[in-house]
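One chain, chain A, links the two complexes that follow: it is found with chain B in the first and with chain C in the second.
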Partner chain A sequence: MNAIEVCKVSKSFGGTPVLQDISVRFEEGKIYGLLGRNGAGKSTLLNLINNRLFPDSGQILIDGQRAAENDAAQGKIYFMSEKTLYPRDMKIKHVFRWSKDFYGGFDDAYAQHLIQAFGLDVNKKVSQLSTGYSSIYKLITALCVPVPYVFLDEPVLGLDATHRDLFYKLLMETYVERPRTIILSTHLIEEIANLLEHVVILNHGMVCRDQTCEELLQSGYMVTGKASEIDAFIQGKEVLGMDAIGGLKTAYLLGERPQGLEDAFEVAPLTLQKLFVKLTSE
Partner chain B sequence: MKKLKSTILLQIFQSRWSILVYYGVILLVFALNTCSAWFFEGREVSINGTEFSTAVFLFITAAIFMKIQFPFFLQNGISRRTTFVGSILAGGVFAVGMTLFTQLIALLAHLVSSNISTTFFAIYSERYGYHYNPPAFFEGLVWNFAMNLMFYLIGLFFSALMYRLNRILKTVVFAGLGALALFLPALDVSLGNGQIIQSLGRAFLFCMGLLENCNPFYAVATFLILGALFAAGEYLFLRRATVKK
Partner chain C sequence: MQLNHESEVPIYVQIAQQIEDAIFMGAFEEEQQIPSTTEISMQLKINPATVRKGINRLVEEDMVYKKRGLGMFVRQGARKRIQEKRQKEFYQNYILPLISEAKKLDLSPQELREWMERGYEE
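This part shows the complex of A and B:
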């Protein structure tokens, strides 16, 4: 099966380890969420896969081919990064034109549709765009180049709520029409939670969770009730964390939900954001 | 192969306006010079230094390679190896094109006025009996091409070196070169009776072919060997270059 395989990869900067012996696999045709706190190593991992950095050890394969210094393998991925690597004086229409040249194709008709939908002026230069529109032209490129793997690092940076909503809608539309692997890395977890099929959570340079979104959310539950009753209930259980407001307490628990719990407490499934916060809290 | 071609085309595309402006300025200066010669009878039409200004232009074009084109190539999934080969081949295309155009301007000047004063002809006129003839034109083309290519490759090397060095090392390199240029002549005079400068001068004359019957092909060989060394240096710095934060 085609996939991007990251095998025992480590990377440090100036003696500070950023990624430690990471192994993760991104399979074809799935939407992944790559989550982590600031400094967890998400962008470093994406930069390593995309040949922008070199790992200190380990290897990365794209459909079985070595990722580093390999034009054929790199031609299968598009990485929309927060950092702009396009020349500042290049016009947006030329960004699209050269993307077509380098990637051997570009869906011009769809790009035109997206340009109109977002109201992007393609005659502007890269340096003339706001943060939001800078994200938009990169998103359009990402959605229009014919690659099986698309990495989106903070894809909605600077986008207003309307544009963010439009982007999520378009992302799902294109995914349904042409399934491919999409790896989303963002801090806006609540917004993308419904899109994700699989979640990889990085914490302190290591993989903290790597499982389907469904499995992850079913791995625990939240209970809310009187503080004293909650304290008694959680005895002997695996507790991710607690929140307390007044005399009420909410406990985030891992494990199977006991039968009949709803009669005594308010019970709810874990949300991805809550789970993420609890898993990655110090 | 397709990607390599795209890397070359991109570099040409990125430099198109600056090349047009560069030749526009040269042609404008030439036209003004010609007009003033018509107004003030007896004044000669001449055009000087276009070869060196073209070489310097190519150096500057190459010197921004790592800042502008390299990140763009990384964005588009191009390996450093392809980037390197593409940069050298683009340098070849620039050197050929700009050599031809610069020499055509010199030829035009020669047609307007018999007083031709290209740098190449000024250096090697003895070889051609002080007459600007077809051999002078064609050998001038080869000499110019080799010089332009070398300057482009020096620019690429400089660009890759500066990209890899941190701020402190950049300062050390610039200060070191400055100190060398400033103190070497003084040290040479006071300690070595000017032997170092004299040797360097002789080496320069030999490499330019001026000690060997004004043979420009010595200079061509020197330019190409130096160009190859700088290209190798560029590759050494480029092969492990990473995207900057």
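This part shows the complex of A and C:
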């Protein structure tokens, strides 16, 4: 099966380790969430795969080929990030035309549809766009080039709520029509939770979770009740974290939920956001 | 369709339930097409794999079926079977939780019976 494989990769900057011996696999046709706090190593990982940085050790393969210094392999990836690599005075319509040449194709009809939906002025220059529209023209490029791997690093930066909603809908539409691997890296976890099939959580440069979204959400639960009773209940259990309001306590627990727990306490499933916060807070 | 993201019920089950609801209420009629995976996935902003899992649940229960190249259609008689299924599940889903809450509140079976009758009359 085609995939991006990251094998035992380490990277440090000026002696500070950013990624430590990480291995992870991004399979063909799935939507991944790459989550982590600031500085967890998300962007570094994407930059390494995209050959914008070199690993200190380890190896990265794209569909079985080396990722480093390999144009054929890199041509399979579109990497959208905050960083603008296009010339500042290039018009947006020329960005699209250039992308067509570079990636060997561009879905012009779909791009037109997206340009209208977002109200993007393609006669503006790269430097004239607001943060939001700067994200938008890159997103349009990302969705219209014929690559099997799309990395979206903070894709909705500067987008208002209406445009974010529109983007998530369009992403689902184009994904169903032409499945490809999409790696979403964002801090707006709640908004993307249901878009994801698989989640990779990085923490302090290491892989902290790597499983399907469904498995991850079923790996624990939340239980609320009288503080003294909760304290007794959690004995011997794997506790991710606790919240307390007055005499009421909520515990975030890992593991199987005991039968009949609902009779004694308020029980609720974990959400991706809550799980993430508890897993990655100090 | 509306999903409850904080709910105990997994998203794919919620999708199956909502389609089932729509069939039961006649919004999707028998032998009529239900919305496509793309439509549902787009409208609700959820992964198509989750949508497919929900629809497959209905296929397993034979509430909907696939017409090759066309999409998913509501099975003849589905509405009647949903009603029967829900009647069977009524005790488990509504009566047991009702009694559990009544016990916590120290309400007698007699009081519950009276309220039940009053509710039917109103």
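Everything below uses one rule, namely that the second predicted complex is superposed on the first by the 282 of 282 C-alpha atoms of A that agree within 3 Å, B and C clash if a C-alpha of one lies under 4 Å from a C-alpha of the other, contacts with A are read in each partner's own complex, and residues count from 1 in each chain.
Just so it is clear, a contact is a pair of C-beta atoms (placed from the backbone, for glycine too) under 8 Å apart; a residue touches a chain by one contact, two chains touch by 3 or more.
Small disclaimer: the values here were computed from a predicted structure and weren't measured.
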| item | value |
| --- | --- |
| Combined model on chain A: chain C and chain B, fit or clash | fit |
| Partner chain(s) touched by A:Tyr103 [first = chain B, second = chain C, both, neither] | first |
| Contacts of A:Glu173 with chain B and chain C, given as first, second, both or neither | second |
| First, second, both or neither for A:Ala161, with chain B first and chain C second | neither |
| Touching partner for A:Asn51 - first (chain B), second (chain C), both, neither | first |
| Cα-centre angle that chain B and chain C span when viewed from chain A, reported as a multiple of 10 degrees | 150 |
| Contacts of A:Ile31 with chain B and chain C, given as first, second, both or neither | second |
| First (chain B), second (chain C), both or neither touched by A:Asp263 | second |
| Touched partner set for A:Phe79, first chain B, second chain C, both or neither | first |
| Which superposed partner A:Glu214 touches (first chain B, second chain C, both, neither) | second |
| Per-pair minimum CA distance [chain C against chain B, superposed on A] in Å | 28 |
| Contact residues of chain A, present in both the chain B and the chain C interface | none |
| Interface residues, chain A side, partner chain B - complex | 47, 50-54, 69-71, 74-75, 77-79, 81, 83, 85-87, 90, 94, 98-99, 101-104 |
| Residues of chain A touching chain C in the complex | 31, 165, 168-170, 172-173, 175-177, 190, 193-197, 213-214, 263, 267-269, 271 |
| Chain B to chain A touching residues, read off their complex | 2-3, 6, 9-10, 13-14, 68-69, 71-72, 74-82, 240, 242-243, 245 |
| In the complex with chain A, residue positions of chain C that touch it | 3, 5-8, 10-11, 37-38, 41-50, 100 |
